[in-house]
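In order of appearance the chains are A, B and C, and numbering begins at 1 in each one.
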Amino acid sequence: MRKIKALFLVTMLALCCMVTACGKEDDGKIKVGVVNNPPSESGYREANVKDMEAVFSEANGYELKTFYSIKNDEQLQAAQGFITDGVDYLLISAAETTGWDEVLKKAKEAGIKVYLFDRMIDVDESLYEAAVVSDMAKEGETAVNWLLAQNLPEYKVIHIQGAMGSDAQIGRTGALDAQFASGKMKKVVQQTATWDEAEAKKIVEAVINSGEDFNVIYAENDGMAKGAVAALDEAGITHGTDGKVIVMGFDCNKWALRELLAGKWNYDGQCSPFQAKIISDLIKSGKAPASKKIINEEKGFDAKALTQSDIDTYGLGE
Amino acid sequence: MQEECLLTMRRIDKRFPGVLALNGVDFTLRAGEIHALMGENGAGKSTLIKVLTGVYQMDGGEIRVEGERIAIHSPQDAQNKGISTVYQEITLCPNLTVAENMFIGRDGGAWVRQRELERRADALLTRLGIPARSTQLLGSCSLAVQQMVAIARAVDMKCKVLILDEPTSSLDEKEVQRLFDLMRDLKSRGVGIIFVTHFLDQVYEVSDRITVLRNGELVGEYLTEELPQLQLVSKMIGKELEELSYLGETEEKKTASAETFYEAEGLSSSDALPFDFSIRKGEVNGFTGLLGSGRSESVRAIFGADKVTGGTVRVNGKPAKILRPIDAMKHGIGYLAEDRKRDGIIAELSVRENIILALQVMNGMFRPISRSESEAFADEYIKVLNIKTASRETPVGSLSGGNQQKVILARWLLTHPDYLILDEPTRGIDVGTKLEIQKLVLKLAEEGVSVTFISSEVEEMLRTCSRLIVMRDRHVVGELTGKDLNQTQVMKTIAGGEA
Amino acid sequence: MKKNGRKLSFAGLGQLTIPLIAIALLVVFNLIRDPGFFSIGISHNNNGNAVLSGNIISIINGASELAVLAMGMTLVTAACGGQDISVGAAAAIAGSVFVKVLKAGASITAGTVILAFLCSCLVAMIFGMFNGTLVAVFRIQPMIATLILYTCGRSVAYWINGGATPTVSSPIVTGIGSFIPGIPIPTPVIIVAVTAILFKLLFRFTALGLFTQSVGINGSAARLNGINEKFIKLLSFVILGVCVSIAGCIGVSRLGLINHETLLIDIEMDTILAVAIGGNNLGGGKFKLSGSIIGAYVIQMLTITLYAMKVSSTDVKAYKAVVIILLVVIGSPVIKERFAGWAARLRGRSKKVSVKGAEE
């Protein structure tokens, strides 16, 4: 009896933990299978998933099947399943860059067109139609160029990095590192907070306690910028458009853009999760793109130029 | 018997915080003799043996084996130097097989194939007449068999000095005889055996020489045949013979009142077959029978220690539901368990905390006994029961066995029980304490407390109980009162057949 | 009587020796490195309140969540002889519930904050009960039992709000996570103090301490003395649930934001370490709450010291590991016994020496 109870509990929990998603059968529509990371991964992913669902809707003439997992092998199986189901298009944001050769070859044999979005895969270009991705390095450049345009007499930067080795960290760090190397900007501290807001706060607190002077906080996402700002607030250091310290973040969460609008932060760089429209246009036009790699255009927002409609259009989350 | 000295220990000192456990003790063991090491709890027997086996490092003195001065750094080291020990509490691994237990941690063990080890183990087990297979898990054997496996392990190591620390306390009569045969066999091969026990009869049955310790000091070394039993006792407790006279006089037993305190009909548990039982106020009765006869399981059922599966119970004439220990405690029943280490003491907690535990449980979580109150309780019972401890805050695990037992007794006495079940309260403790406990039982009975007393020493039970319930093969096979309360009758009933 | 009292405090100090020495060493090291390291100043924060600032404040403030969790973990460790590795994930759930309730109302008042905290407490206690049931009733090893929630807890936290990083902004929430106007001490520090006092009262006015230690040291004996072993174990997990909720709510209030992926991430390991550094036996039994609290501050002090030295945060974990290995090894019974032996020899034989861990 006890064993049954235990089994029941564990099974219930296992069920709760699984993300289940199913599509509906319908004829005369374009069948699209999307293999993606789960929306719980990040605010970015959440917006990405919502965008996909909105663009590839029945109203737009699509029949959408989705599968979400952070595990590559599960994604591979799901892709295999979509091929067997006979989808017309396969859209993939892979968990890992390797292991996709076989599946993509099978898709090609079955006449299914493959689009990659958000993340690249290590396969021959001939195996997919196009890859719609962000250029993280360009995001960094845009941000640093904006910072240089502020024409500060001197730049003393606290640089809070994301999880070391992630695409976003490498891309967003690159442009700033070049400035540190050239001596145009001074590196007060460069630490990774591994996307952890609380950690970011501790890093800034340590600098404040050491008494060192700084006038820029360059955080590689919004959350860490918020952590940094909390440390500034506690220490009574002003920040934002009228403040002593320039605050920069990335990702364009709505709440972060609102901080910009209120003048508490200075800059937020976009990392666009909206690839669905581009892919949909390609599918509907039936034309092959000029280049296999399509860079999704991304903006950087200045607090002084930001409007409420920008927030509504580009902001992620609520 | 050879007079050659196999082992000599000279002026051994050992200190513990606040206690001088051994003070210049000498001990000599000759090859081919069985040498009994005697003394009350805390006399220093265990400490001396732990020094000899490398568990403790001595603070002074010297040890020679076959004339050569040696230093013993660890139990492993002692084994390598030919000194093997079988401890009072089983120190083997219950989740390994018998064969693995016999060969674990020994040099070369890893090189020998498992099959071969099992064959060797089986051969030895058969030779020693131990009812165990080499492949079965040690934990599945009875305590007695586990003990014998421990001895077999030592025997197999071809030791020069074999130390048996209370080896017989969990063996029945037949097993004891088998062990004695084995000891005599080893003795004839020139092994020196140090025999530590509380059973005086056994000392006289098997040993050649006796060394007596008291309060960490040597009292003397005697040839067994030259030291009468009563004198031995007096040397151990350090009192003159006259003072011991009550040993024979405690026979008079109070007749209990007519009122029944507890009665059970068809009581059974997951471990005990249905049985009927009752006890009157102020009565002392006992369960007897061989190991595994079900005597402990029965009293556990009374206390609700195992899962109770049936039967009706009345306490003070009113129906009572006793399914868990706390139910029994609320009905004024206390239970001192057979296995002190596993079911009794909370080793790392202090004497004080151990004493107040049961009372605190009865008071409930939200009525804690205050610090000062608990200190007063502890001091009172340390004094009343003469518990030897450095302080009331000493961890109870560091006390000697007899004093640990007294702490548990104190724990139950503090709850002022109407009915106290004592399962083997005198096991592995010294004569003096045994007498104290027996006297205490009779005193409690006089005060109207009912007591069920279990002991593997029938004599002890005859001295204290007015009624004996005899069990065999998990059934009650007889009840003895009055004139029938004598050793012969008890033995007859236990053995079965004509009784 | 007096003598015994002193002996007891000495024995208690014995357990606290290692963490206290660790703190002392860190203090000395920092003073040599930077004499101004421990200066405390008064500054005005952006809300215009006078508040204390400085490294000490950062350490004590930053360790708050860890200290609260360490207290609860000590109890679970003592009763069950194992650790709950799901505290970080459970705190993310508790924090998410806190935010969810706060956002449900039209405006955030003191009342809604209390309600939100109570809800988060309730949820954390239910999850604690779930862990506790697996451990106490089904006798699953604590680490294995809590592995379930450790694995899926953060997904559960995500579902509660359905967004990755919902934010709440209210002066009350900021007050909880940072400073209450007029009080220069960070609020989390006050919360830790209150929690510690509550624990102290719990042990003072109930027999929980005795029962927990009995169950942890010898479950069989505890049962035969009428203690409900399962209940005690379950209770320890439920109490840890309350701690988890407190820690989660502090974490959320600090930033006014819940990120289910990063809130109190990896804190379970630090929590277990705090318990270990505090000299508590991870195998259960006797415990000292103050040890675990000090352990939490040792860990935080170490982190802040490394940050102040501008050690790259990728390397911080490695340095921390080295120091912690040292602390745990020095605190191990083997080394303690050796050390006690040397000490005894140094002090000479004439004096009676109290050696911890010696038997009989």
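Here, contacts are C-beta pairs under 8 Å (C-beta built on N, C-alpha and C of every residue); 3 or more make two chains touch, one makes a residue touch a chain.
In this text the structure is predicted, and so the values were computed from the model without any measurement.
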item: Chain pair showing more contacts of the two, A-C and B-C; value: A-C
item: Centroid comparison with chain A (C-alpha atoms), farthest chain; value: B
item: Nearest-to-centre chain - CA centroid comparison; value: C
item: Cα-centroid distance, chain A relative to chain B, in whole angstrom; value: 71
item: Separation of mean Cα positions, chain C and chain A [Å, integer]; value: 34
item: Rounded Å distance, chain B centre to chain C centre (Cα mean); value: 43
item: Residues of chain A touching chain C in the complex; value: 2, 5-6, 9-10, 13, 16-17, 19, 38-46, 164, 189-199, 201-203, 205-206, 208-211, 222-223, 226-227, 230, 232-238, 253, 255, 317-318
item: Residues of chain B defined as touching chain C within the complex; value: 15-18, 21, 46-47, 59, 303, 305, 324-326, 328-329, 335, 337, 342-349, 353, 356-358, 360-369, 375, 391-393, 397-400, 411
item: Contact set on chain C toward chain A in their complex; value: 34, 36, 43-47, 51, 53-55, 58, 62, 130, 133-134, 137-138, 148, 151-152, 154-156, 158-159, 163-167, 177-179, 186, 251, 254-257, 259-265, 303-304, 307-308, 310, 312-314
item: Chain B partner contacts - residues on chain C that touch it in the complex; value: 1, 4, 7-8, 11, 204-208, 210-211, 213-214, 217-218, 220-228, 285-286, 349, 352-355, 358-360
